[in-house]
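Look for subunit A in each of the two complexes below; its partner is subunit B in the first and subunit C in the second.
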Partner chain A sequence: MLGFILRRLGTFIPTFIGVSIVSFLFIRLLPGDPILLMAGERGMSDARYAELMTQFGFDRPLLVQYWDYLTGILRGDLGLSFKTKLPVWDEFFALFPATLELSLCAIVFAVLIGIPAGIVAAVNRGKWPDQALMSTALVGFSMPIFWWALLLIILFSGMLGWTPVSGRISLMFFFPTDTGFMLIDSFRSGQAGAFASAVEHLILPTIVLGTIPLAVIARQTRSAMLEVLSEDYVRTARAKGLSPFRVNGLHALRNALIPVITVIGLSVGTLMAGAILTETIFSWPGIGKWMVEGISSRDYTAVQGGLLMIAVIVMVVNLIVDVLYGFINPKIRQ
Partner chain B sequence: MNNTDTMTDGPSRPGRFAEFWSYFSENRGAIVGLVVFVAFIFIAILADFIAPHSPTQQYREALLQPPMWLEGGTSQFILGTDAVGRDLLSRLIHGARFSFFIGLVVVVISAGSGVLIGLIAGFAGGWVDTLIMRLMDILLAFPSLLLALVMVAILGPSLTNAMIAIAIVLQPHYVRLTRAAVLQELPKDYVTSARVVGARRVRLMFVTVLPNCMAPIIVQAALSFSTAILDAAALGFLGLGAQPPTPEWGTMLADSREFVLRAWWVVTFPGLAILINVLAINLMGDGLRDALDPKLKRS
Partner chain C sequence: MPLLDVRNLTVEFKTADGQFRAVDGVDVQVDVGDVLAIVGESGSGKSVSMLAVMGLLPWTATVTADAIVFDGLDLTTATAAQRRSIIGRDVSMIFQEPMSSLNPCFTVGFQIREALKTHLSLTRSQRQSRAIELLEQVGLPEPVRRLKAFPHQLSGGMSQRVMIAMAIACKPKLLIADEPTTALDVTIQAQILELLLELQTSTGMALVLITHDMGVVAETAQRVSVQYAGQKVEEQSVGTLFADAHHPYTHALLSALPERANSRRLPSIPGVVPGQFDRPAGCLFSPRCSFADERCETVQPTASASSLGHARCHYPLSKGVPLARAELQS
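Showing the complex of A and B:
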């Protein structure tokens, strides 16, 4: 097992270095001089230009710059934002809880609906519930989620007036945000209606971000269940006269869940990509919206930092999933 | 010798295509997908003749006019008009061109380069293989839309750059698939015998081995066709893909976002077009997978 973890780490480290090179090169590959870009149309004096070159370290040899960048990352230093001149690391972690909260809600939503849907489809293989569920899953899988978000806004915010259109909570509430998770903070604040407002704001973004993972999980659960249901031990359980619920729920599902859990773990990348669109549409103050704004306002250090951090998060989650999978399934360790 | 030839290639054995078609046509969804997809291709080709109006002509007297079946709609603009008075239906019809073009270009670039790199990795082995696969791991570590977004930021927002970025993002999947298929084929007897007969490496790669690796690659091509359309529309929606007034569906959605609560039709129809198109291709992809690769069969 230790050997397996070490081997997996052996591919993690070169990939991490590669990812850091990609994000390092990002600013250097941009057309034009990043410092001049920062100055905008007004331009700047030569003295100020030289000062900024030194401040951002662009005047040193490329390899030295990369070494500083790499050691900076390991110390938690991603440089200063072009726009706000604040540390990018701090900006990232100030916004990250918003994205994390939304992503967790989306994945819970996807799991709570996707796994039962997959089981029902597998148990009724070929019959109408299977066909209806899998057709719906394919529609979900094909969904342009930015359009799906607009449709839900038209229906639930426009026509029915049930849900708010943007933000994380109504502006009338104000309380300290210690954890960064609006659900927890609003609950702890004890203000009447604050928690309800936070929940209302979460509903549509959760559905939108959860749609594609939901479809993937439903399809994966179905095929994993079908595979397990044809195994001998399930036939034995049936032959013993166990109730269908015990057979499907306990014997089959427990083993079918292993590949499903892997799929859930591997959907972090999908969630991060989806967060870019979802957060932009719902004005959700998280990493995705911050990245899009960074690109349009040319805050390239912020984009660079975000690119690196998101890739690292995806890689770490994938590493954990792989190791857990190896732990559950010894065949993988070879 | 002659005898075995007639046994394997005789007229009694159904042709490869007939065999494929009999599996493919079993899947009703796949047939529906194929019909819709072919319809889209025809709409794209014949856009100039079918569209009732020019996609860029602005009718100043008919801004945000609703579809013809609603109050205030006229048969002149069947699906209504957008905020500057352009006929929505005509823009959607011309948009089919972009959608199909994006899918085709992205698949050709990503599959072409990906298969080539995958073949090299599989045949070369050793450090070349390791280097290529590590590079692909690096590309795969970034969420696809994020990487495409950043590449467009470097290259500048335009439809061409969006297509290049999406092709680069999708390419590692082909590399992995091709390499895996090559490694599976290499130890087989027919490859060894071709080698013994003296086939050169290039011939081995493209003539002997590649045709036997095509099944998963074709399925992946269908999948990435729809991914390309979705991602290009997403980039257009974020203002980083095709630029207005191009009638690309994602860009049309971005233009109409501010009218989301006032004029539902300008938002609903472009997205519906994307969904139907992508759904049709995915249905076809499922059918292709079942027909081409029984091992991958879903159930």
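Showing the complex of A and C:
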């Protein structure tokens, strides 16, 4: 098992270098000059422009700039943000808990509803619960995130007034954010209503961000279950006189889980992409919103650093998924 | 009253081309402590009829029967929960493919203890010791270590022994063995059959053995029911069946046994079991029967007297010769 993990970590190296090149080039390919954007409407003299170009190192060849960037990464230095002049690493990890909290809630939401929905659909294949669930899943999968978010805001925040529109917690509350996870911090603050407010703020973003993973998980669970339900060992389980709940939810599901956790792992990438839109719409102070702002101000270091960190997270999650295979199905362990 | 009494069982499968009748009006009676062999070619509906009794058919199947009574409970009218309380406890089943019949995700011990947990109120340690006892009973050495093994670590023969241990865990009154040796090596086949018979004698349970191997039938069964294309064509006790088969199909099956063949070439039955689209109007065996005449091709035969093995034939055989109609009526 350890050897397997080390081998997989070895394959990270080329992926990592590839991602670093792509993220480095991507932001530089965008039209727009960070120095000119910094100057704002008043503009600047040519001499001052040249001076700043030298200061930020943009006058050097791209290859040299990339090399500096890459060696910086290996020292754990993602550079300073152009805009805030703070280390990108610090900025990223200051905002990351917000994104992580939202993503975890979204994935838990997607798993808790998606897997049972997939099981119910598979067990009732071809009947109305199957058709209803799977057409709903298709709608969810096809829904543009920003449109879905706006619909929910109009209904639940605007018309019904049930949920807040934006932010992580009501402005009435103030307490130290030690962990960065609003649910934990608000709970620890002990202030009446703080935790409830944090939960209220999480509901809509969670639903919006979790919808696509939910649809994917439900459809994948259904197809994996359909395959497994015709296996001999499921018949054996039924021949023991076990309840349908145990037959489907334990004997069949355990075997169907491999493709399901694969898509859960893959949907982490989707979540990160979705977080960018979701956080922007809900003014959620996470890395998604931070990166969108970075792109519009051509903050090269922030955007390339953020992309790289997201890529690493996706790779690590998928490594964890590979390790989980062995725990779910012992046959794979050997 | 028999332990298992199945009357006029019919099973139809929904297929893309319409209904396919896999079992057609079959009767099965099994008494306490009985050993019944159900024989027939592939596609004769022998597994399907027993799976119908167990309620294990896929959703595409429609089961109809006048009665399926097990130990006083009519399974056609029983609720799903009533059925589940019997299945796996009083009547259990082992299957053709032992390797794929055990769940690869759980240990052997988990799967055996689960059977005990579902039906009996034993404590955790009682279940463990009963599981060890069961593995010993089915002849698996080192039971404590085997209980911790996963199915992929076992051979086919060992897997079938585990399946048997699981099936007899709650001391069933009836064990249905669906071609339990087909997927196994020849040397292991004999061991598994011996084990099944040994368990049958020691526990007094009834045993239904589904097989297509007449050799197995001769060695194991007390009674034989021969199925062809979903119908029961003959039923006799094993001794009289081998001595004097009344249905031409049974007769042809027996003649095809290498140890009984007396010609230079091994006799075989020409053709195949009729499928969904080529079912004959008359006797289902008529296209392959060497005694068939026009009447056989147009009129469906009914079961004849018990002295003639209930043979579903217009002209049952006696000592290999068809009885004339006149003789039958007299």
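General observations
What we mean here is this: the second predicted complex is superposed on the first by the 269 of 334 C-alpha atoms of A that agree within 3 Å, B and C clash if a C-alpha of one lies under 4 Å from a C-alpha of the other, contacts with A are read in each partner's own complex, and residues count from 1 in each chain.
Everything below uses one rule, namely that a contact is a pair of C-beta atoms (placed from the backbone, for glycine too) under 8 Å apart; a residue touches a chain by one contact, two chains touch by 3 or more.
What you see is a predicted model, and the numbers here were worked out from it, not measured in a lab.
Once the two complexes are overlaid on the shared chain, A:S230 sits against subunit C while remaining clear of subunit B. Of the two partner chains placed by superposition, only subunit B is touched by A:M272; subunit C is not. Touch criterion met: A:T11 reaches subunit B, while subunit C stays clear of it.
Of the two partner chains, neither subunit B nor subunit C is touched by A:I217. Using the contact criterion defined above for the overlaid structures, shared-chain residue A:A239 touches subunit C, although it does not reach subunit B. In the superposition on chain A, contact is made by A:N329 with subunit C only, not with subunit B. Between subunit B and subunit C, B touches the greater number of residues of subunit A.
When the two structures are aligned on the shared chain, A:N255 is found in touch with subunit C, with no touch to subunit B. Residues common to the contacts of subunit A with subunit B and with subunit C across the two structures: 125. Those residues of subunit A that touch subunit C in the shared complex are 125, 230-233, 235-243, 251, 254-255, 328-331, 334. Those residues of subunit B that touch subunit A in the complex are listed here as 29, 134-135, 137-138, 141-146, 149-150, 153-154, 156, 226, 230, 233-234, 237-240, 250, 253, 257, 260-261, 264, 267-268, 270-272, 274-275, 278-279, 282-283, 286, 298-299. Residues 11, 14-15, 18-19, 22, 26, 29-31, 125, 135, 138-139, 141-144, 146-148, 150-151, 153-154, 157-158, 219, 222-223, 226, 269-270, 272-273, 276-277, 280, 291-292, 295-296, 300, 303, 307, 310-311, 314-315 of subunit A touch subunit B in their complex.
Across the complex, subunit A is touched by residues 54-56, 58-59, 83-89, 92-93, 95, 97, 100-106, 114-115, 118-119, 150, 152, 163, 166 of subunit C.
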